[in-house]
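Next up: the structures, one after another.
Here chain A shows up in two complexes: once beside chain B, once beside chain C.
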Partner chain A sequence: MYEGAVQDLIDELGRLPGVGPKSAQRIAFHLLQADPADVERLAHALTEVKARVRFCEVCFNVSEAERCRICSDDRRDRTAICVVEEPKDVVAIERTREFRGRYHVLGGAISPIDGIGPQDLKVRELLTRLADGTVTEVIIATDPNLEGEATASYLSRMLRDVGVQRVTRLASGLPVGGDLEYADEVTLGRAFEGRRLLDA
Partner chain B sequence: MHVRHLSVADFRSYTSAELPLEPGVTTLVGLNGQGKTNLVEALGYLASLSSHRVATDAPLVRAGAERAVVRGAVMQDGRETMVELEITPGRANRARLGRSPVRPRDVLGSLRTVLFAPEDLALVKGDPGERRRFLDDLLVARQPRWAGVRQEYDRIVKQRSALLKSAQPYLSRRARVRRPRPGAEALDPASEAASALHTLGIWDAQLAGVGSSLLYARLRLLRDLGPYLAKAYDEVSNGQSDARVSYRSSLREGTAARLAAGEVPEIPELHEEILASLAAVRDQEVERGQCLVGPHRDDVLLSLGELPAKGYASHGESWSFALGLRLAAFQLLRTDLGDDPVLVLDDVFAELDVGRRERLAAMVGDAEQVLVTAAVPEDVPAALAGRTFRVTLGSVEEVVADDA
Partner chain C sequence: MPLYRDEAIVLRTHKLGEADRIVTVLSRRLGKLRMVGKGVRRTKSRFGARLEPGMHIDVQCYEGRNLDTVTQVETLDSWGETISRDYRSWTSAVAVLETCDRLTEEREPALQQYLLLSGALRAMAERDHDAGLVLDAYLLRAMAIGGYAPSFHDCAKCGAPGPHRAFHVAAGGVVCPVCRPPGSAAPAPETLRLLAALLAGDWAPADASDDRHRHEGSGLTAAFLQWHLERGIRSLRMVER
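This part shows the complex of A and B:
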């Protein structure tokens, strides 16, 4: 244990995801020895992010305005929505430049172990966005793990019930550069489910 | 295959130890508690990513150390592969194959072992979980890709059980008063129940999907294992009554009876059967907040002639049955893969009468590599004479023939 302020810093750092007690200690001492101006910038960045950044009122992506950059961009296709778990997934898909529609960030995936059910995700908000019929395709891009799959099948049943024209799921399965022989049963099974016709 | 060299660091009682090995028989001798089992446990961990003695990793790391390292040089078809695992309790293991870091799961199959231990008696006398583990471990040893399926299935069961527990207040017919989760938006109970049922359907589908593959694989395995078991038991016990295995399924009665009779339906049919069986026990599951149907509730019935082994077999017969199961696993892998797994006999001779000792020794003597541990060297039949190492308080030294 260290004296007051140092220990407080170590404790706070230790509460961050992926930071163990050892790393917390290392970061704390790094900050202690760092240039005051550098530390000031970090502190400022932290307070700013909390003060300025919030969630887009339409898609729940992170945003500095009421509506995020993508939702307020008129050039983006209004008829397609891509549903993802987290804001970082938006960034990943944007990087591919494949998708020109808009997003909907659920804020997680269904996981009873963690006490997360559909009512804890932005599902009702998604249904509201679909109500006027402008959106004709919903692409479900939840993670290709068990919880992501469960969320995807929940959503697809739900969306079919409300009559969305096209509900699609990102293909998942075999890693590029991988070897079929070494794929496990689960991955291979999913890849099979997601198989598609080859263009002649 | 055989192991040419085993090293451990901060594993159990060892700060570090090096064990050079050869094909043929190697015996580890030493007084009780000196660290013989610890060494073969390390070898078993390298092969299966789990210990045959404990369910968690913490006891494997030397008291006071942070992580343990186990490394083995495995020879197969004249090629050597270095397999290394770093075990840190509470965190994911780190693994290497040769020089490259890989997912721990990817080392499965590089080393295969069949380990006989005093704990094996639990295969016959213990809970169904012991027998499920035996089957699933063998499944993975035979085809490593089943490790992923097994993991996925366990997670599905956990998720579905958690949902059943949390949905109990909404779904249970007994529940009159509704207890909403703190922080959850107030919804009317009817729609909350509908939503819980709706999500339960999703998990039913997951359970049936992955569960049917797992069940199918177990049924095939058991069908293949049966003949080897009958033969092995017959040999160990010197021609006494016949040992049989049959699958005890948690599915609906009619199906369960077919599976018990040795039928192996195709996966789509098993899939439908799991869904139907889930529907049949829905009310019970909701009342109890437990997942009552699926491979995680199944068992294997071991019987000698007409009688079940559990509760009927004598101590000696139970031992022979356990040995028979391990020997059958060895024969199955040997035939299937065209290559011998490394055979480990941890302290088993002390438990057997002279006749069983000699017969067991005769049956395993031709394996490519056999590791034997014994506190009393005289317990090991002469047929298994080979290199000997003396284990003393966490250090290992070869015993030269003359002063043995």
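This part shows the complex of A and C:
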């Protein structure tokens, strides 16, 4: 244990995802030795992100306005929605330049063991977006691991029940067990092109 | 034993750092183990798909100071992958895996639990029976192995031969009119027969049972499990019945 402020910082850093006690300590001491201006910029970025960034009211991607850049772009195809788990997946798919439709960010995957069910994700909001019949294809791009697969199973069953014309899933070729964000552009682009129809 | 190898079933996984995963497995010989799959969330990993919940694997590990590290893994049966394609079965399977995690201790061999778990996952993957029935059969039998066998015929308190109508979770199952504590439930006789069949692994009458009794039976099974485990099984609430 360190004194006051140092320990507070280590504790706060240690609560971040993927940061263990040792990393927290290393980052804390790095900051202690860093140029005050650098630390100031970091502190500013942290407060700004909370003050300025929110979630798009339509797709729940991160956004600085009520609607994100993609949802407010009229050139984007309104008939296709790509469903992803997290905002970082939108970034990964945008990099491939394969998709010209819009997104829907669920906010995670269904994970009963962590107490996360469909009602904890933006599933109801997805149904609302589909209600007027404009959307004819929903591409499910949840992570290629089993929680992502189970989430896709849940969604495809539900989307069929509400009568969406085409429900597709990114093609295999994406390594099972991995995170979507780690897929390189070529692989992800190919998975998009070869997306398969989920059978009833 | 710095290096060991065993047959195992993945119970659950946690993300660790950038691309690693902590994997909890129940192994056949050694009991429950926790190991690190290094880099498995990266796309080039050969291991990722095999270290997922419900997968039946042959795994080799290097024993570390804190956690063991997976050095090799092969799939024996991809039960988890098959089950994940059916949402209802998946929710049942996750409840099975969480219960197994709760009923076993690290590095304590639990062969009976292992065999019961593999049987339940295989049945779900192969759709031998309704997933909800497989789940309840698993829960009842896993509790029985753990030493809390419920009684569905003879009185749980005095052993008076049944059948009896009253059921009391804390008393351990059905109770005779003499032992019957206040607040006992009175489930349908068919429900008690269904639960007895599930506990015994007698599938013909269980498969023929109707939804109403399955539903009541699931409720009693869940109440029984809840009573014996300090904290509830989280994923049980999310099972689609």
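By our rule, the second predicted complex is superposed on the first by the 172 of 200 C-alpha atoms of A that agree within 3 Å, B and C clash if a C-alpha of one lies under 4 Å from a C-alpha of the other, contacts with A are read in each partner's own complex, and residues count from 1 in each chain.
Criterion: contacts are C-beta pairs under 8 Å (C-beta built on N, C-alpha and C of every residue); 3 or more make two chains touch, one makes a residue touch a chain.
Keep in mind that what you see is a predicted model, and the values were worked out from it rather than measured.
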>> Looking at A:Asp120, would you say it contacts chain B, chain C, both, or neither? Reply first, second, both or neither.
In response: first
>> Under the stated touch criterion, which partner chain does A:Gly18 make contact with: chain B (first), chain C (second), both, or neither?
In response: second
>> Output check: A:Ile27 vs chain B and chain C. Expected answer is one of first, second, both, neither. What do you get?
In response: neither
> Between chain B (first) and chain C (second), which does A:Asp179 come into contact with in this model arrangement: first, second, both, or neither?
Replying inline: second
> Now for A:Arg157: first (chain B), second (chain C), both, or neither, which partner does it touch?
Replying inline: both
> Touching A:Gly189 in the superposition: chain B (first), chain C (second), both, neither?
Replying inline: first
>> Using the superposition on chain A as set up above, list the residues of chain A that contact both chain B and chain C.
In response: 112-113, 115, 117, 146-147, 149-150, 153-154, 157, 182-184, 187
>> Could you list, by residue number, the parts of chain C that touch chain A in their complex?
In response: 12, 15-19, 40-45, 47-54, 80-81, 84-87, 90-91, 94-95, 97-98, 234-235, 237-239
> chain C touches which residues of chain A in the complex?
Replying inline: 17-18, 20, 112-115, 117, 145-147, 149-150, 153-154, 157, 174-179, 182-184, 187
> Which residues of chain A touch chain B in the complex?
Replying inline: 110-113, 115, 117-120, 146-147, 149-150, 153-154, 157, 182-187, 189
>> Show me the residue ranges of chain B that touch chain A in the complex, using the header's touch definition.
In response: 145-149, 152, 155-156, 158-160, 162-163, 166, 181, 184-185, 187, 192, 195-196, 198-199, 202-203, 205-206, 209-210, 213
